[in-house]
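Here come two complexes built around chain A, the first alongside chain B, the second alongside chain C.
Right after this comes the complex of A and B.
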């Protein structure tokens, strides 16, 4: 209950800060940050709990987004219903990939998720009559229509994204202390022991993967209406998948707030690089990638752990000095 | 019929480069149990090195149109040195980290290197003008693309050399022992770290060779590695993780599948076709198509 209040208060504070942002550039940065944090948190639901690294989470964003928008534009299905179908599509995909790979030991899962992104991208490009091919689909609207997820004020999307982020964070916290959460903890400490205790290891892992995919897809549905344009190379690209994963890693996979810290860090790099070198590109992913390399080599538990150690250091030194 | 034969031929020729990339991946996985997710970026780096060397000039007249291929040997050695640095700076410590941190390390390196290439060289497409690009020989109604054909022949030669190295040399025997069990090998007096160092250098050197073979007919750009490495990842699982010579057949099979789907359906569907085979192999024969029993490397 106390955690729920803390998370709710944090959301309120973030929402207020977002609504007070007068500068449109910073508002868009804050919204991008919220979506990345949402996806990284959903990704970390899988990796933080089971340790399985997915490098294909952009697939779930892309599948949900395309299903929703195609149903909306071609058949007039409301995004609220279409979004559910899109999320269902992502879950089906996740269960197929998960069932084939999560029962095996070794890097199969990571390889399978990574190449799934390439497959979905090529399918989007192939069925171009439906998906618009490489040029993508545009969503245009002139007035607010909340039930179609259409808002002319982009700050509405910031509110929704941070709200979803708060909800996912709360859900993750709840999940950790649920029965499924204890199963997962048992599996993480020893698969053999968990299996011997009667836990169906592969099934639990597939369920967690599907949950993670569904939450990622949920973010994807809202995201396309925010961005108003679907670029297949971005939505189903390897870069987005890797960004989602590495943001959670940089922040710290063992902490609820880790992926959020990671997203703030990444957007801060992005803003600083754009201000210093212009928007020529490359700087943001380069710094993120090398930050992860440095992090794995020195403090694999991420920025959160680093901050805690730093605080401890500052806190402790006077005590040691005087004693 | 002629379309079918032409597709098989094209596929085998494309597959040569996949084979070189996949062979290095499986060599590293075999001895270190590590999937190098940055492998494609080493290919990309090798291509930039090769393009840089090739723009210095080509060999004079006696070599005819093949003058650009002088870059192959230097690129291979430069990349082998890069592989050595990669091992000593990162993998040496990361070897103790376990699987997840190793995946994160190499994927971080991969995207970092893509960003670096974009920062240093821009996101433009680079190609050194040369007579190999687009050149083809016709025989019996079939069209033989010269660039891919040379890449295929060299890849085949490299495979034979690698198979011999693994079978007959002292390093090869040590590598096979380490692949079986690093602990037992160390007890028998084999220096596992040395095997890791040499394997990484060879793997990245092979990618350098592949890069030099690609640049006459393939554009170089920061994300170029992804096009090859995703197929190579699927190839090594389909062939069997850790099976170095099997990876070559895996690479060739990927090329043929790609080419056949491109001829009869659409090139866009080829990754999906390969992926279906990949899922089928994982469900029915997770040790891979070309791995028998417990054989390693």
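Right after this comes the complex of A and C.
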């Protein structure tokens, strides 16, 4: 209950800060940050909790976004309903990939997620009549239409994204204390021992993967209306997938707040690099890469762990609230 | 009426190695059956087949009248066929009680009910205080109790105990035996794989002996262990000691090794000056202090053992000397040189060899490559050929296995390899952490025979051990550690004859 209140208060604070931001550029940075944090949090549900690393998580953003937008534009289906179908599509994809590869040990799952994203990308590019192919689809609107997820003020998307982030964070906090949460922890520690304790290991892993895909897709549905344009190479590309993973890793996979800290760190470096060197030239990517390397060398368990270590230097007492 | 568990003609090969040739026996309902055999006999393989981890090449297993076929491990556990593991398997990210609860959740208990049941079980095993702690900080013995607690939560019909009791202290052993007997009274059956014959004799009225993938004997325990085939395959020169329950037998070497060979080696050192000096050592894990100021000395050519219950801090002393843990306070010096804050690789280079608990095999490398890795420090490479010859004469069993992957060795051979690897670095002092853990009596004798040879060659040894009798017989001096402090030290003979001490700390 205390944690729920803290999470709710944090959301209200973030929302207030977002609404007070007069500068549209910083409002868009904050919104991007919220979506990245949401995806990283969803990614961490699978990868941080079970230890199975996905490097194709953006595919769930892509599937949900395309299903929603195509249904909306071609058949007039409301994005609220279309979004549900899009999320369902992501879950179906996750269950197929998961059922095939999560029972194997080794890098197969990671490779399968990489290839799933590549396959979906080629399908999008191939069926260009439906998807717009490489040039993508534009979503244009001139006035607010909440039930179509259309808002002219970007701050509305910031509110929704941070709200979803708060909800997902709350859900994960609840999950960790649930039966499924205990099963996940057992599986991460030792699959053999988990099975010996009567846990259906493969089934639990597939369920967790589907949950993670659904939450990622949920963000995708809102995101595409915020950004107003479907770029297949971004939505189902490697860059976004790797960003999502890096953010969670840098922030700290063992902590509920890790992916959020990671997203803030990530966007902060991005903004600083663009302000110093200009948006072209790829300085932001280079700096980010450098920051990640330094981060992993000083504290492989992420910024949260680093912070706790620093606090411990001062207090000599471990802070465990967010674990 | 058929038996609870019927094993018929089970066979299993891994590549060209026939691990199980033809195993047939049964476990009746409401019974406790012991299963013994030398390391490498196939006992763990059999348990893995019974629990569905491996599929057998031939034969079948029936449980409660049902052919198990290809039923998955989790489903077998839900049927009541459960196991423990040789190495403890704590759930690291959960508290102890949550890790135990998992077993109850899987059979349908709610989180609240599982918590209550888990608390009862932890209390009965004497672990109530650890309930909300992380298992990361617990010693191996407690982790094994936790595994056992998780098994109890599953409301089992048949429990396969894979060396659960190896490495437990005397009092922990009593607790586990009591729990097993209570559960047996309520109708559960057990298959107990163990090297501790006293335990098996106390618990079971039927003993099955395995060797090289077949059953060599089965029947009433006291009769079975008199069977000459069993003595030859398993007990070796321990037989006499075990049967008459005498004082620990003096260590004899099964190996013929001439003393000239040993004297000509670089291990030989003379004199009685202090070699390793540990002063007021304080260290711990994750901010929890484990050692509260330990003083310890090993002189040149001396063999010293560290004894004490699980969790006393014995292994922690060795880990601190090897710089695997930072020293929070105090000083460690070796041959007059301060090594308190050197890099983690440095102790090996100044001449300290280390055989960690669990052996630390480089599993995918061959035996020879493992030995080569040990020859890394300083001048050891120059002495490679001589050291190799020495190690192989100490452990002839390794000669024919040089090309095999270390992972394919039996537990006893792995322990020999681990010691051999430490010796390949021409160490002036060897630290050994529980070299007898999980080994059959005959193999323990082999290992201790080799240690005796090493000692007589002048090799200085610092030994941490649970097998108190053997360690005291081997060593010149002993330290008894309790609660992170040295509570007593003296010549090993005095320690052995001190009745009070034995009762209080060693449970001999």
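Note that in this section the second predicted complex is superposed on the first by the 306 of 323 C-alpha atoms of A that agree within 3 Å, B and C clash if a C-alpha of one lies under 4 Å from a C-alpha of the other, contacts with A are read in each partner's own complex, and residues count from 1 in each chain.
The definition used in the following text is that a contact is a pair of C-beta atoms (placed from the backbone, for glycine too) under 8 Å apart; a residue touches a chain by one contact, two chains touch by 3 or more.
These figures come from a predicted structure and were not determined experimentally.
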TODO: Could you check whether chain B and chain C clash or fit when both are placed on chain A?
DONE: clash
TODO: Quick one: name whichever of chain B and chain C touches more residues of chain A.
DONE: B
TODO: Kindly classify A:312 by the partners it touches after superposition: chain B alone (first), chain C alone (second), both, or neither?
DONE: second
Open item on the list: Between chain B and chain C, whom does A:249 touch in the aligned arrangement: first, second, both, or neither?
Closed with: first
Task: Touching partner for A:35 - first (chain B), second (chain C), both, neither - done: neither
- [ ] May I ask you to decide whether A:60 touches chain B, chain C, both, or neither, giving the answer as first, second, both or neither?
- [x] neither
- [ ] In the overlay, answer first, second, both or neither for which of chain B and chain C A:118 touches.
- [x] first
TODO: For A:158, select first, second, both or neither according to whether it touches chain B, chain C, the two together, or no partner.
DONE: neither
Open item on the list: Applying the stated clash rule to the superposed structures, which of 111-119, 255-263 or 363-371 from chain C runs into chain B?
Closed with: 363-371
Task: Overlap of chain C and chain B interfaces on chain A (superposed complexes) - done: none
Open item on the list: For a test of understanding, state which residues of chain B touch chain A in their complex under the given definition.
Closed with: 29, 35, 37, 90, 93-94, 97, 99-101, 103-105, 107-119, 122-123, 222, 226, 230, 233-234, 237, 241, 266, 268-272, 275, 278-279, 282-283, 286
Task: Of all residues in chain A, those that touch chain C in their complex - done: 177-179, 182-183, 185-186, 188-190, 192-201, 254, 312, 316-318
- [ ] Over in the complex, which chain A residues touch chain B? Could you list them?
- [x] 47, 51, 53, 55, 96-97, 100-101, 104, 106-108, 110-112, 114-116, 118-119, 122-123, 125-126, 238-239, 242-243, 245-246, 249, 277, 280-293, 295-297, 300
Task: Contacting residues of chain C [partner chain A, same complex] - done: 51, 53, 72-75, 77-78, 82-83, 85, 89-94, 98-99, 101-103, 105-107, 111, 147, 150-151, 153-154, 286-287
